[in-house]
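Order of writing sets the labels: A, B and C. Residues in every chain begin at 1.
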């Protein structure tokens, strides 16, 4: 089965990702050509938890294509969020809108919503699970700023254990030839083993580092993320290490002139403000690339009839997913959809193992 | 006196309702012809209580006509709602917008607002009192799906005592020839006597039923609404009867093939989810018909100079309305407007008797 | 240095104010000519505290120019407001939008935001500090209704000590020839001394009055504002004086036929409702003039290349501003910018003296 929903960037082929990136670049070069591309079309932004920047990025993207937007950002005040099933809300909204962008704190919600949508649906974040348009943002930025998506040495720094944006970026860039990674974090916050598996399966070189200062010297790209204080092993470790993973002027002076710095934002204090004006600091421009990536995505889902995303082969499992954060826990009518991976049965909504 | 405000569907003639329905069907058939019908016009949606679906329906309707929208949905955060009189808010907003859609938890607020609006004003619900565009939604759906508004046998099921949508639907359909009703509810939740009066005055046949299962067999239309648990006479009655008024596969199997199922939404559990894919289940499509009905309404109020709604003849009564839910309680400057009905003096805002 | 940001109306020359007023009048006369003036442009309304009327006025202004809007009005739910610096938010948003309108409860925030914006930025109110588009509203109203901005006798009534709209209006009108003022308030709520200084420097005649009734007779303009009950010296004074500064029918009867009444709104009870229909009562029409003033402002900032606003000459002071309400207290990366005035060092953000 095929569909027009972007739930997980993993479902796209390299060719499809490249197509989106090329479209984003084309829009960027001639925005006026696309000013009426979505005239008369409506995007619904259903934000069950606030994410002002992501929502404004999608709204701006649609407006710059000539389309219009409806939606909510205010779950507590919204009658939609009160007592109505996700299925019913999506069934109604997909009668109003031409494309839906959904964000929800519960894992698997976008996949669940896509089962009932009559129109293309985009995952704007489902709990700590997936956020594919952030990775699309990163990819568009790399393509535009480095001129390629392959043969790069990428440092990823921060909380590599919990950072979904980092995992998704590694999974995507591992598909391109010649990329290598430097994984910079505390020991406790190293990448999960399944990410190492993916790197090895794709023959990606990687190094592990515990010092940004040591690692920064020969990177093409530095992807910074936040480490929360409470993620350190102990208060003592936090005090000892708190500056080790902060990018400041001193560390940046060791970097190459053509290294670029990315960050998914919001930043807290992991990049000092005095670096913002350095030409290598691209995190604000990256947000703008994200808007162009979203324009490309909306346009492609609405107009490119050949852009079809394959659905996973699923079966109905006997057991319900037991992940307490999974959408199947709160939306009782959902089927027990699962798929096979390495001999295990995985929940089709939250991608956790079903026993 | 005449006006361009839709406060109560009762104020429209059958010809006017038919005109709106015809216009809605015309838009549905050729939406592209109307894509610029309201270019440059602005709809203000003033939602003093959240009703996300109604608000999105109005916004979508205006956007699909080429117009634009402003408004709020967030009464607690809104400076408009804080300390400013309804009169002042409406006086200012009607200087910005070309048409106003207002929802408010207090009865009679739409009528009160219309006194101070320089532009057409639409009631999107004023407490438990009136919600005319829901009935317009129902009427457009029936017209499109049954091909007529007369000679139907309509079952209404659920809380018939408190359901304003049911009352308004019965009052409207009673004006068309040959309609009959089956009133399906618990004894405690039967329709109010004044609705029986209306049915009898209009020579509408009606039956009373306490079992959806018994009644469903020869209906053209089944209009489902919710019964809240606390509306049953006692917890024992709730336990004994809780499934009697739930539409499930078993009961639906007794219905005719061409019966259609409507519901004003949101649904809770009075229709089981396994019925949603039955071709007779039209409640999601009904929401879409509602959007077309609202497009027809906005367009007609803005552009059809002959579409004039007569105001009731009112007088100023000595006594203020004593209904604690009436807008006259909170907005001190409002006059004591009343009208005569069956020899009684009725409040022009909330339609309750003034003594 | 020059910029395209409207932070303080004081930064504009009389010629620039006149240009905005003329533009507003031109738009008012031929709105259709401007319906596509901002096609494809986006206004971001960043409202960190709710001000529904101001926000809707800006949104309407942009929509009537053919542009579109994004933004938020909901600081508590907004991820932008949570933990992200003003600098980062503005850096991102100015990559999406063509012009920014910002409101914030903290003094100096608009000035601070303008340092990091790539696009023109408009101050929509920063705490009790400045609100330049309210004064623009007043000026457009006066120009349209009196046909001039000079040789008027203007009464300002209410809380003259704390009312920023009154101060800003006096400062602006003092620049035009032949204006005189009647300052009507309790003794405790008289205008601050620096306003008297400005009047005297500009050779403006002024009188002080403690009675609206006595003063109203020979005014061209009466500008009403609210006195809060708690601003009176004592409960006894409140009781004794509460009606002295309320405009009612009796006092209005002493006014000239061509006097006009303005009010920045929201009104509480300082103007009785029975006056609203008097042709001299222009406060609701004033809100509409404000919308045209904002249209003129947006259009001018986006399109008039000659409309450049001079920045103050600043230096970096040794001491940080100690005003607890100043934006420099919460946004640590801001420089200690100051300017000289009468030999004192003033904070460039909040305009308070730095010691």
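The rule is short, and it goes like this: contacts are C-beta pairs under 8 Å (C-beta built on N, C-alpha and C of every residue); 3 or more make two chains touch, one makes a residue touch a chain.
All values derive from a computational prediction rather than experimental measurement.
Asker: Roughly how big is the turn, in degrees to the nearest 5, that lines up chain B with chain C by CA atoms?
Answerer: Roughly 120 degrees of rotation.
Asker: Do chain A and chain C, two copies of one chain sequence, contact each other through the same residue numbers, with over half in common, or through different ones?
Answerer: The interface of chain A with chain C is built from mostly unshared positions.
Asker: Averaging only over C-alpha atoms, locate the centres of chain A and chain C and give their separation in whole Å.
Answerer: 42
Asker: Which chain A residues touch at least two other chains?
Answerer: Residues 68, 74 of chain A each touch two or more of the other chains.
Asker: Which bits of chain B are touching chain A when the two form their complex?
Answerer: Per the stated touch rule, the residues are 32, 35, 50-53, 56-57, 59-60, 63-64, 68, 73-74, 76, 265-268, 273, 276, 284-285, 287-288, 291.
Asker: In the complex formed with chain C, which residues of chain B make contact?
Answerer: Contacts found on chain B: 40, 42, 44, 68, 70-72, 74, 77-81, 83-85, 87-88, 91-93, 95-97, 333.
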